[in-house]
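Handing you this structure, nothing more for now.
Order as written gives the chain letters A, B, C and D; numbering starts at 1 within each chain.
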Amino acid sequence: MDFYYGLAQTVGIHTLLGLSAYIVLLTGQVTMAQAAFFAIGAYAAGMLTVLGGWHIVPALGAGAVFGAATACAVGFPALRVKGLMLVVATLAFGEGVRLFFFNFDYQVAKGEIKVGPLGGEGFRQIRYFQEHGWSTGEVMLFIWVFVILSMAALWWFDRSRYGAVLRAVGEDELAAQSVGVNLTAVKVSAMTVGGAVAGIGGGLYAHYTTHIEHANFNVLLATFAIAYPIVGGLKNVFGTLAAVIFVQAFLIEGLRFLGDWRNLLFGALIVAAMNLRPQGFLGGRRA
Amino acid sequence: MKKIAVAVALAFAATGAMAQEKTIRITGFGAKSGVVRSFGINSEAAMLAAADVINKQGGVKLADGSKAKIVVDFLDDRCNAEEGISVLRRIYGTDAVVAVGPTCSNVAEPLFGILQKKVDDKGDSGLQMPVFTDVAIKVGLAKISEWAFRNVPNETTMYSSLFYWLKTKYPNAKTVFGGVEEDFAHSRASWYAVMKDRAEANGYQVLGNSKWLLNDTNFATQVREMKNANADIVAISAHPFTTCGVLKEMQRQGVKPKVLVGLTSSSSLETLQGCAKQAEGMIIPTSFAPITKEGKAAAETTAKFKGAADLHSMAAWENMFILKQVIESEKISGDKGQLQADRRKIRDGLAKLRETKGLMGVTKRTEDREADKPYLFVQASKGEWKVLHNPL
Amino acid sequence: MLELKGLSRHFGGVRAIDGLDLTVRKGEIVGLIGPNGSGKSTTVNVVAGLFPASAGKVFFEGKGLEGMPTHKRLQAGIARTFQNIRLFGQLSVWQNLWVAQNAPEDHARRGFFARWLGGQSGVRAEIAHLLEFSGLAHKQDELAANLAFGEQRRLELARALAAKPKLLLLDEPAAGMNSEEIGQLRDRILKLRAQGITILLIEHVMELVMGVTDRIAVLNFGQKIAEGSPAEIQANPLVRKAYLGGA
Amino acid sequence: MLDFLQAVSDGLLFGATYALIGIGFTLVFGVMHKLNLAYAAASIGAAYAGLLILQVAAGAPPWAVFLCAFLGGGVIGWLVYLTCFHFIPLSNPLAPLMSTVGMLLLIDEIIVHVTAGMPQNYPAMFDDVMLRVGEFTLRGDLLLVAGVSVVCMIALLALLYRTRLGLATRAVSQQPVAAQLCGIRVAQVNAMTFIVTGLLGGIAGALIGASVGALSPLLTTPLTVKGLIVTVIGGLGSIPGAIVAGLLVGAFENVFQQFRGVTERDLYVMLLLFAFLVFRPSGLFKP
C-alpha cells in the first residue's frame, strides 16, 4: 500500500504546483517562475523544521508567506512585460533563484554533524515526517488536506467576482481596464496567491524527498508547472488535477513497466494530448 | 459447461505444480533513460547475467534446504529523485527481498533519507527495506540510514594510494592543479573531500582548482587558469562530457601536464569515444578491469546480456553473489509470509559482513556499511583503458 | 461636465487630433461626427485614458485628468463602449456585468471582502435591472461569445452602465444595426438621459445622430470645423463638403 | 589586463555560437510569433542527424556532415511544425507551447536512445587553427562560426525582406486570417518558414557541436535558455540584434566567469537580461 500512498503524495504536491500556475494563467500571464516560488517554499520550510525545530504546519505557513512575498515582488516588474517577454523574464528569474540556492550555504552544527543547505551538495536530512513517526498514509492525508484546502479556495475564487475579474483580465486587458478593473492589483494578487500555493507545495516536497538541491527546481519543473493547467484545461481547478493524474500517475508510474521506452512515449503523449485536446481535458478558455 | 470447468481446473493445477519451484526476487533500479542511460543498461545486464550464472549452478539454498531460482527485474528511475522514491516504495510493495541501486547520487541521497535511520527505532517511520547500491558513488552516503549498503569503490583510499604511487613514479612532480564539475554532487565531493585532501596528505602542493558546470561547453578561462598555474599534475574530477571538453581545450591552448588524473566514473567507454586522442595517458584508479579470471568471465557473460563491463556494472554483478551468500548464511525462508522478517535478516546479514569475495580480490566492508574494494590504476592508451599498475 | 481645451494627439507625423476645444454640459447629449480618420475614436481613447494627450488638457467636472489611469477615470464616472466589440467572450453575460461593477459607491458600500469574494447574492438586483433594461435577461448564463451581434452590442452598453457612470462615451454604437435596432437604441439613449447620464455620441448613422443629440460637433482631419444644433449642422455647407469630399 | 582582453575575445568568439542559435530563435519567436521551445533540441537533433552520413560514408569530410545536418534540420523543422502547430487551431495559443515542450522531451529521448546517452565525437573544421598574437590566442573554428552567422544573417535578411516568401511569412505572422483572405496558403507558408528556420538550426547545431568537439543531449537546456535571452536582448524579431546580443552575452558570461567564478556567472547573465527588460524592453534594435 505504501506505493499508492507515495503516489498520492506526489500527485498532491504536483497539483499544488499546477494550481499555483493555474491562477496566474487565468490572468493571461504565462509564468515560468512557479518553480522558483516552489524552491523558496522548500528551502524555507525545510530550514525551519530542521534548523529551527518548528512544527511542520507553521513551517509550511512560513514557506507560503515567503513564496507569496517573492511572488508579489516579482509581480510588479512582471507587469511591464507581455507575452514572450514575460515567459523569458520569469524563466530567467527561475534560473536566478536556482543559482542562488546553488551558492547558498547555511549550516548549523546539530549534535556532532552539521545540518543545513550546503550549496551544490544540497540540503540533507529533512526528515520531519519520519522522525515524528508519521506513516506514509498519514503523510498522504496531511498533504491532501492542503491540496483540498487550496482547491476549495481556488474553486471559491472562481465562483466569486474575483474569478470573473481574473478571467476578464486574461481575456482582454484593455476592455477590463475600461470597465474599471485595476490591472496591477489583479495581476499582482494572482501572482501572490500563486506564490503562496507554490510555497506550500515546495515545503511539502522538501519533506517528501528529505533531500533537496538546486537541480530539482530546474527549467523542466517550471515547464511542468504550466503544463498541468494547460493540458488539463483552464475551465476549473479539476482540469489541473486531471492533468497531474495523467502525467504523474499514468505517464510516469503507469507506464513504468515499459522500462526505458516509457520516456520516449512521455514526450509523444504530451504532443498527442495537445493535438487532440488543444483546449485541455476539461475544456477551457477557448470553446 | 461442466467439461470447460474441469479443463480450467486442470490448467490451474498444472501451473500450480510448476510454481512449486521457489523463487527469490531481487529488484534492481537505476537510470535507464536520460543522459546516464548507459549506466542503467549495464547494471541491468550485469544483474541478469549474474542471476543466470547462479540459477545455472542450482540457484540459492533457502532455510528449509530447498533450492530457489533468483528472479531479477529492473525499474527505470530516470535519475530523478521523486521517481527513485516511488520506485523503492513500489519494490517494497512487491515480494522483492532486497533492492539493488540507484545509479545517481542525487537519487541515492533522498532515497536513503526515507529509509528508517536507526534499525530498531520505533519512533522512526522510515521504510524498512535493505538497499544495496552498486553505482551511486558520492562519498559518505551509506551512513544516512542503517538500511543502506554500498558496494562502491572507496575513492579516498584509491586516490590516496594513487598519489602515493605517483610520488614514486614521478618524483619531480611536486604540484597539483584541479578541475571540478561544480554542480554534480559526486564530482564536487570527489575533488574537495577526496583528491585535494589526499594530494596534500601525500606531500603535494595543491595550487588551486578551476570550476565548470555539468553542461558547460566553453572552458577557455578555466584552461587558462591551469596554464598560469603550470602544475605538474592536473586532476580532473568530472564526467566524460565535460572531461573531454576540457581536454580538447587543453590541447588547443597547449597545456601538457606531466601527469593527467581523472575521476573514477570517467574510466568508461564514453571518454574514449568522446576524446581518445586528447585523453591519451590519463590515469584513473578504478575498481574493475578484466584482468582476473573471474573478471573476464563476468565481462563475457554480461556482454551476452548486451551490457558493457565497467567498475559500476561489475559492482552490480558482485552484489548478486554477495546477496546469494547472505541469503544462504542468514537462512532466508523465501516464503511470502515471512517477507519482512527475510528483509530484516538480509539487512543484518549485510551489516555483519566484514569481507566479501569480489572480482578483483577480497573486498573489505567498513563499519558504516561502505566497501573498501581492491583497485588498480588504468591508463588511456591508443583508445583503450590499459592496466598501468596493480598496487595490491 | 467635460471640457477639452486645445486637445491634440499625434502618432508620429500624423496629427490625429489638432487643438480640439469641446464642452459637454451635464445632462446633455452631444454628437461628434466626421468622415473616417477625422480623429473621432482617438478623442474617445484620449478621454478614456488609453493613451496620453500630446498637448492640451481634458477636464472632467472641473478636475484635470492628467496621468489618471483608465480604471481610475472609470471610477470617477467616465464609461465608454468600443467601436469593435470587446466583450469577455468566455465569460457569461452575467459575469460580464458583474466584473464591471466598479462604481465608487460599489467600493464604499461593500468592504474589500464582499466586493471581491462575495457571492452573487448581494448584487443580484442591480444586474437584474441592467439585464431587463437591455433585454438580455433570458440570456443571463449564455457565454458572451455565443450571443447574436445585436445582443452583443446591447451587452456592451449594459456593461458600460454597470459602473453607474456620469458621462458615457458611445463609440459608434449603431454600427451594423438595422433601422429597427436603431430605434430601440434611440429609446434606450433617451431613457439614459432621463436618468441624468451625460452622453458623448460618436456616430456615422445620421438617422440616430440627428434624432437624439442636443448639439453636434463636426471633426475633419482632427480639427473642429463646425458646432451647433442638428438643424444648423445639416444646413452647414462646410460639413457637406467635408463629407462629400472635395474639401 | 591581458586576461581581461583574452576573456573578452574568447567570450565574443564563443558568443558567435549564441548568435547563430539566437538568429533562429529570433526568427521563430520574433518574426513568426510562435512559442517553439523545441528549437534548440531540434538543432542539436539535426547535428546528430549530420553524423548519420558517417555511418554511410565513413571518411566523409566535416563539411559533408554539416551539409547533412543542414538538411536534417529542415526535415526536423518540418516535423516540429506538423506535430506542434499545423493541427492546433490558432485560438489556443498555449497548446503549441506545450506540444513543443513534448517535442523537446521526445527529441532529447530519441537522441539518448540512439546513442545510449554517450556523447558523440563531432568533426570540426579549422579546430586546430590557433591564431597567436604574442600571448593572445584566437580560436580558428570560432572565427568560422562568427563568419557563418554573419552569412546567415545576410541570407535571412535577404529572404525576409526581398523575397515573396519573406513577405508572406511576415504577413502570416502578423495577421494570419487577413493573409488567408489575400489568398496566401497559410499552412504552406508556415511549413516553409519552419523548414527555413530548421535549416538554419541545422547549421547552428552542427557548428556548435564542432566548436564543443562533442555532442550530448546535455546541450539542449542551456542552449534553449541562452537562445531566449539572446532573442530578448537583441530585440524581438531583429536579426542583427540577435547577433550583437549573442556576442554581448558570450563576452559578458566569459568575463564574469573569469572574475566571479562559474557558480555566479549565470546570475550575472540574468541580471543583464533584467537590466534590458527594465531599461530597454524593446531590445538593442527595434525590428
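Note that in this section a contact is a pair of C-beta atoms (placed from the backbone, for glycine too) under 8 Å apart; a residue touches a chain by one contact, two chains touch by 3 or more.
Only a predicted model underlies this, so the values are computations on that prediction, with no experimental measurement involved.
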| item | value |
| --- | --- |
| Chain whose Cα centroid lies at the greatest distance from that of chain C | B |
| Innermost chain by mean C-alpha position | A |
| Whole-Å separation of chain centres (CA-atom averages), chain B against chain C | 74 |
| Chain A and chain C, separation of their C-alpha mean positions in angstrom | 43 |
| Inter-centroid spacing, chain D versus chain C (mean Cα positions, whole Å) | 48 |
| Whole-Å separation of chain centres (CA-atom averages), chain A against chain B | 34 |
| Overlap residues in chain A, where contacts from two or more other chains coincide | 102, 120, 260, 263-264, 285-286 |
| Where chain B touches two or more other chains at once, by residue number | 33-34, 37, 41, 182-183 |
| Where chain D touches two or more other chains, by residue | 109, 112-113, 221, 263 |
| Chain contact graph, described as a line, ring, star, complete graph or other shape | other |
| Chains that touch, pairwise | A-B, A-C, A-D, B-D |
| Touching residues on chain C, where the partner in the complex is chain A | 48, 50, 69-71, 74-75, 79-80, 82, 86-91, 95-96, 98-103, 115-119, 143, 145-146, 159-160, 162-163 |
| In the complex with chain D, residue positions of chain B that touch it | 33-38, 41, 182-183, 211-218, 220-222, 224, 240-241, 244-245, 248, 252-253, 269-270, 273-275 |
| Touching residues (chain side chain A, partner chain D) in the complex | 25, 30, 77, 80-81, 84-85, 87-89, 91-93, 95-96, 99-100, 102-103, 119-120, 218-220, 223, 226-227, 230-231, 260, 263-264, 266-275, 278-279, 285-286 |
| List of chain A residues in touch with chain C within their complex | 156-157, 159-162, 164-165, 167-168, 171-172, 174-183, 285-287 |
| Complex contacts: residues of chain B adjacent to chain A | 32-34, 37, 40-41, 74-76, 78, 81-83, 85-87, 89-90, 92-93, 106, 109-110, 113-114, 116-117, 122-127, 144, 182-183, 185, 188-189 |
